[in-house]
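The structure is given below, and queries will be raised subsequently.
In this document, chain identifiers A, B, C and D correspond to the written order of the chains, with residue numbering beginning at 1 in each.
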Amino acid sequence: MSLLDIKNLKTYFHTRAGTTRAVDDISFSINKGEIVGVVGESGSGKSVTCHTLLGLLPQPPAQVEGGSVTFDGNELLDLSPTLLRAIRGKRISMIFQDPMSCLNPYLTILDQVAEPILTHEDVSKDEAEGRAIEMMKKVGIRDAEKRAHSYPHEFSGGMRQRAMIAMALVTNPDLILADEPTTALDVTVQARILRVLRDLRDDLGVGILFVSHDLGVISEVADRVVVMYKGKVVEQGSVESIFENPSHPYVKGLLACRPTFETKFRILPTVDDFLQTEENPDGSLALYERPDADVRLAELRNQIDTGGEPQDSNQAESILEVKDLRVHFTSGGGLLSKPSDTVKAVDGVDLSISKGQTLGLVGESGCGKTTIGRAILRLVKLTDGSVVYGGTNLGDLPLAELLPYRKRMQIIFQDPYASLNPRLTIEQALIEPMKVHGLEANRSARRDKVVELLEEVGLSVDHLLRYPHEFSGGQRQRLCVARALAVEPEFVVCDECVSAMDVSVQAQVLNLLRELQEKRNLTYLFISHDLSVVKFMSNEIAVMKQGRIEEFGTANDIYENPQSDYTRELLEAVPRADF
Amino acid sequence: MNAANNSLAHGKPGNSLWSDAYLRLRKNRLALASFWFVMLMLALCFVAAWFCPNPDKIDLENKFAGSSVSHLLGTDQLGRDIFARTLFGGQISLLVGFVATTLAIGIGVVIGAASGYAGGRTDAVLMRGVDTLFAIPFLVVVIVLQVVIAEWTKDASGWVVDSWGWDKKLTSRIANIIPLFIALGLFGWLTLARIVRAQVLSLKEQEFVEAAKALGYSRFRILFRHIIPNTLGPTVVYATLTVPGFIMYEATQSYLGLGVEAPNSSWGILIRDGANFLETEPQLLIIPGLFFSLTLLALNFLGDGLRDALDVKAAKD
Amino acid sequence: MLRFITNRLLQGIIVLIALYTITFFLIKAMPGDPFTGEKNIAEETKQLMREKYGLNESVFHQYFLYLKNVFTEASLGISTSKAHSVNEMIGQSFPVSCILGLTALSFAIGLGVPIGVASAVRKNSWVDYSGMALAMIGICVPAFTVGPLLQIMLSMKIPLFNVAGWETPRDIILPAITLGLVTTAYIARLTRSGMLEILSQDYIRTAHAKGLPVSRVVCKHALRGGLLPAVAYIGPAFAALISGSFIVETIFQVPGMGQHFVNATKARDPFLLQGVVLFFGLLIVIMNLAADILTGFLNPRVRLGQE
Amino acid sequence: MSFPSILTIARIPKIRKKLLKPLQGVLAVIACLSLWSCDSRSSVEVATDKGILIMGNSSEPKGLDPHVVSGVLENNIIRSLFEGLVIEHHSKNGEYLPGVAETVERDENSTVWTFHLRKEARWSDGHPLTSEDFMFSFERILTPSLASDYSFMLYYIKGAEDFHKGKTTDFSQVGVSAPDPHTLVVKLLGPLPFLPEITKHYTWFPVPKHIVLKHGKIGEPFTDWTKPENLVCNGSFKLKSWQINDHIEVERNPEYWDARNVGINGIRFLPINNSYTETRMFASNQLHITYRVPPEMIAYSGEHYPKNLRTEPWIGTYFIRCNVDAKAFTDKRVRKAFSMTIDQKSIIDNVTLGKQLPATGLVPAFGDYPASTPVSFDPETAKKLLAEAGYPNGEGLPDIEFLTTDQDSAKALAEALQAMWLEHLGVTVKIRQLEWTTYLDTMFKQEYDLAAGGWIGDYLDPLTFLDMWIEGGGNNRTGWSNEQFEALLDKVQQTGDQATRYRLLKEAEDLFLEERPVLPIYWYTRNYLISEDVRGWNPLILDNHPYKFLKLKAAN
């Protein structure tokens, strides 16, 4: 008998706007000692499935409409809240996506890791804490005795996720629901965490439900894969069968749209190239394979990317020169006191970008890559060094004279949710930069321009009067791109601008950036922690570590012949779905 | 999951911030009821009041009369119609509540936002300034204002009457109330500034503010267009909490000669006067007290509803 | 930490000097003087009285003389309206106000926090609505109504409570309730919004996933963060409770500090007024600092000095 | 995915239990507190048993130094601590009983007075009290540096004013002398038949020379001699404890010459600002005597505590000052018209509610001095007068502002007057309500048209109501003056014969009322509640009850 058996589970959300079928008749099972990967994009119902199992969904609006979930012979959906609580955290634990927001910032790590034991077992506090520290050591937290008393914010992202895992494991559960456990992590950390999970499966025979949108990760860790799309399971099977021989068009598209080191497309295929959806009269969706999918793929293959090699660097006009850039952050200081601590975020960096090219800036979180992007735009104060753009050193320009450069240089941020003012309509948000910079003669001309821009980024006039929250993540990022383009810049910093997206959406946005670059001869500084994406986008790549450039070279050189140990380590840690 | 896609597909018409907020407010039954109650109160005080008996008509033979046709809710210690006095008092109190709150929000939001956004020394100076003002005794300021500003408004109102031909009585009523607003405006915003500042401290780290900077927007524009509108929610809730305080302050000030001039009245004055009849004629306290409390209760729920309605992010489902 | 405190205390001194300066000139600008009484005194006598209190000197001289006395002798001067030194008057009334304020604050916290928490946990239910209505009524019904009501309904019916006075510990209860009502309402509102914010955080879901009972999720995981807005309010609120209790003090015959503000103002007593204002200013500086420190203590992410 | 209210799956009972805990705590605390002091008897019952009188005294006194303070509430306390040459009679107005002085002699002109002090008079520390102490006290209160605001009460003494105003520094020029330790001779400026009345005022009280000098020089202000631990006095009581704004308690003074006949063991004065609170305290047996009853509660108290409510005439007049320099009120016909349209009875019955007496004249009726009657309610004549003055139906009158205060029923009174003038004269008067001291300042600066006001007599003689209206008088402030009036007052100062004096005073009063620079409204009464336990408390127009004759005995 399998450890967990899900049969025809249906979870709907009933809101005033109507009913959303978040999980719509899915069935799969997990055995002891098995990792089942659940793959799908946001909104596919994979997280809702996890939460339904533990009764963590807010009811209303959520409502389990049918099906059964059998765990070790018990029907979970019928359990009383008290009995369910006894299972939660004891026999089934959960690991959440974002360890920063999912750990309580007000309690120490030890407090939180020991809490499941204290809740479910009748043991002394000392014993519980002892076991918690043991477990923390096991998942790779060094110096656990000492660091256990720290607060979450004092831990790095990787350490936090380890603490989270320790918390899930500390009661020796039979089943772990891991909801995107590595999504927020750097690749090297991710590799280590995946190792820990595999060890758990092998050593303790724990069953793991591993939810992720990242096919690479799934391929590394899972034994079996379940692919979900719009609340339904579209395909399930062993890792090999899914990755090598996908049958469903959605899965095919998903596999094709990921950039890999080997990708040679100029434009990435997208899921839409494979999948066609149609709404049935009863509101459910019918999925078809596009008849022309193969043609389209072949077409894309023919446009092999030639831009991978930089143009002759002598010919290319260097548009931006960064020399010995240093940015130090200080804390403390007030009306009457001097600042105290100093963090050297960027510590002596030289860069140069040629017109029309893309420089990729890659590194792990906290290495200073984002700060470089902001320093170039003078969004943070330079401590030392120069940023020469078009012959002018922006570093010591007074703010008033910076205005023309604000028009020429733009930035697209990581989080499209946070980087749009929630209280401005799209029209307002897009007209405003033009107004500030005095572009276009009058209101109606600006409006026309906005419409043009929206169409350019793949949105329509209908969207003009909407607010950002009415858009999906991918659409929002398009809006951010449109806003950046509204001032007709020459140079754009893309700061992790696709990191928070599903692969299918990521492909669309990357394609958009590519097309715009060609059309408008834009220069990009492309910042990301994702090595495959950077490889896909960039001509040249700089690898950063702790505020300095570790290695610099053409994209192909870096990937095929890494010079520094650090770069090599990074490359090796990237999960690849290649069979 | 993203309900946004659905609404996009169905092409819901886009709206301005406020009309959008109104649509959402309509769904909150309690807030809607409160909204209509406030409207009713406004109608009573500003329209129906004119159909009531003269609120200042003294009839000493007929004091403490019970409810009757000529005096709907009876009469007070000088035989004046309680209902009429309460409604006319409501005009003043609602006006005071509205203007004082507007002033407090206006000043508090700007100072708090500027302080939080600028940070560093500006912040320290502004916040310590708030501390200082917080400790200045209100009463002293009122007494000084009464001398300084009352003189000034007297001159000004005389000038208005002479050169613009305004009605003398009306001008003098307005002139009396202006120093009151100045006093309230001077001090009413202090706590609000703190609250807004705390909001702004977290808002200014948001990427859309950085995006605005990168787009070359001026500090002024960033502050007023991008930061302040996003502090509206907590501001509205806090503001509804301060309204009763303002209305009661008005009574205190009127007693000190800075505000409403007798025999005109306000809810605050009626309640203060009525409290003296607690044992003997409690209706003198209860009637204006009920008008006051119910209106503010409604305002409070309306404020809550507004906060939720203004929060475009929370309106996803 | 130490540096943060020193820095804020230094700022506090600037605040106090600014406060002193403003108050000094405000007092000078008030109509009447300390010797204006219902029965007018001969101008010669008034002049003698001014000499007695050093009020005949130039304004400039008076300004610095008082400052000098404050700094060199820690003396806040002698009241012109009561035959005591201001130090003595504050010394006698501050402990009383402190006890009253603390009791009122405890009452406000003891009642406001549970109401706020319950309202947040059961958002948009009758619990929430009635809790918030209760809070609003607390704000709407002024002290000069609540006080007499309590006197009539409790003291005069139940022999347990005195109508007024400050003799037995029981005498603290009614004025503290009257005084704390508005604070209760604010704390309830602030706790509610703070809790709502926290309850929507991801880590609350984590806590549920661990199988914790709801009460524990609320008390251990949510309360600490949810109280932060209320804590930031409590500092200045306590200072205000101590000084702003004039009405409650007169209704319940409490010999506290609040009366000094009003009586000194009415009597145009410059030294008493300056004294209590400076003392109150100091209290505000300290309370704000304490609130910040407490916030830092409750919220490990806040590093003092960074705000 | 957001989880706005994960707690909708909350178990309610758990929460309830949590909420109950603090509530239980509160209840427990209340229970403890109630056990703490579980005396079932009320404060008054306990105090009566102990022989201690609990008195409401309106406010914290300015101090206890008889030479520094001024005011009724200070007087109440000082009267218990100090004793002057003579004391108030416990039941008869205008008479006196011996105090420190055993006998009083005067010359035929009532100009030179000799007081024979009793030999057994002692300070509360046992130190004998002699005429030297009086000499010292007179010198002290007249010393300019002490800046006593009531020192003018001694100006009747020859040379006192000059000494006080610094024209001479030689105290021997002042007409007081002490031929021996038990004789005090006072030489006055002119005849003053009611000098004993004046010596009842605390400015004439002795202070202990040996103690005052121990804590500072003679004219030194701010010394510590009135601190509870230092204060030495000669009255029937001595100071026991003093908590600012809380209470002042005095206890039996065993050194007092008549200690055997003092009927109570102590008095506790409570500075109760809020008169409603005070009434409620009385109702729940926390007080023997209240300072006053608020107007709204007089009728109510009469109903509920008929045996306790007392309404007694008090020597004071409430009136409205007219600024005769203001254009509207230069004409006495206008002033009279305004006066005649005040329906005094209606105001008393509906606004002030304290059974005050309609003020038909300026000086309230007392003793042998008959009340004047020219002031009356006569709207018809008033209208005529106003028309004669050139303002028929109020037309042509400039804007009139009525200055009033933020105290007690001032606002209601103003509103009622406003209505009366509008009804009978067709004049709309603007009400200007000001904070008390601002009001005084404005009134003293004569920046008003009409101003509410009042006067409480300092001693029992019509002069206390009339001599303030001389030109430039500190309390005149109407801008009114009249040579004939002043000549009459001068004549009064010259005669020692009471009948002649009263005739002249009446003449002056009638002249004043004819001119009507103030519009009298009512004569004060005192309304207060007194416990039946208090025996020997008789109505006195000056309200200077001598405490030594009181007795406390539980009623029923």
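One rule holds in what follows: a residue touches a chain if its C-beta (ideal position, glycine included) is under 8 Å from a C-beta of that chain, and two chains touch if they have at least 3 such contacts.
These numbers were taken from a predicted model, which means no experiment stands behind them.
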**OP:** State the pair of chains with the top count of C-beta pairs in contact.
**Re:** C-D
Original post:
Which chain has its C-alpha centre closest to the mean of all protein C-alpha atoms shown?
Top reply: C
**OP:** Work out the mean Cα position per chain and let me know which chain is farthest from chain C.
**Re:** A
Subject >> Interchain centroid distance [CA atoms averaged], chain B/chain D, Å >> reply: 43
**OP:** Report the inter-chain centroid distance for chain A and chain C in whole angstrom, where each centroid is the mean of the CA atoms.
**Re:** 49
Original post:
When the C-alpha atoms of chain C and chain D are each averaged to a single point, how far apart are the two points in Å?
Top reply: 35
**OP:** Would you pick out the residues of chain D that each touch at least 2 other chains?
**Re:** 1-6, 9, 11, 276, 435, 438
Subject >> Residues of chain B touching at least two other chains >> reply: 1, 124, 128, 143, 147, 278-279, 316
Original post:
Which positions in chain C touch two or more other chains at once?
Top reply: 11, 14, 30-31, 148, 152, 202, 205, 208, 213, 307
Original post:
Contact residues on chain C for chain D in the complex?
Top reply: 30-32, 35-45, 48-49, 51-52, 78, 81-84, 88-89, 92-93, 110-111, 114, 118, 121-123, 148, 151-152, 155-156, 159-160, 162-166, 168-170, 173, 199-200, 202, 204-205, 208, 213-215, 217-219, 249-253, 255-256, 259, 263, 266-268
Original post:
Given the complex with chain B, which residues does chain C contribute to the contact?
Top reply: 11, 14-15, 18-19, 22-23, 26-27, 29-31, 129, 132-133, 136-137, 139-142, 144-145, 148-149, 152, 182, 185-186, 189, 193, 232-233, 236, 261-262, 265, 273, 277, 280-281, 284-285, 288, 307
Subject >> Of all residues in chain B, those that touch chain C in their complex >> reply: 30, 123-124, 128-129, 131-132, 134-137, 139-141, 143-144, 147-148, 191, 194, 198, 201, 234, 237, 241, 244-245, 248, 271-272, 275, 278-279, 285, 289, 292-293, 296-297, 300-301, 304
**OP:** Within their complex, state which residues of chain D touch chain B.
**Re:** 1-2, 4, 276, 294, 296-297, 299-300, 346, 349-351, 406, 411-412, 414-416, 418-419, 430-435, 438-439
Subject >> chain D contact footprint on chain B (complex, rising order) >> reply: 1, 56-58, 60, 63, 77-79, 143, 146-147, 172, 254-257, 261-263, 273, 276-281, 314, 316
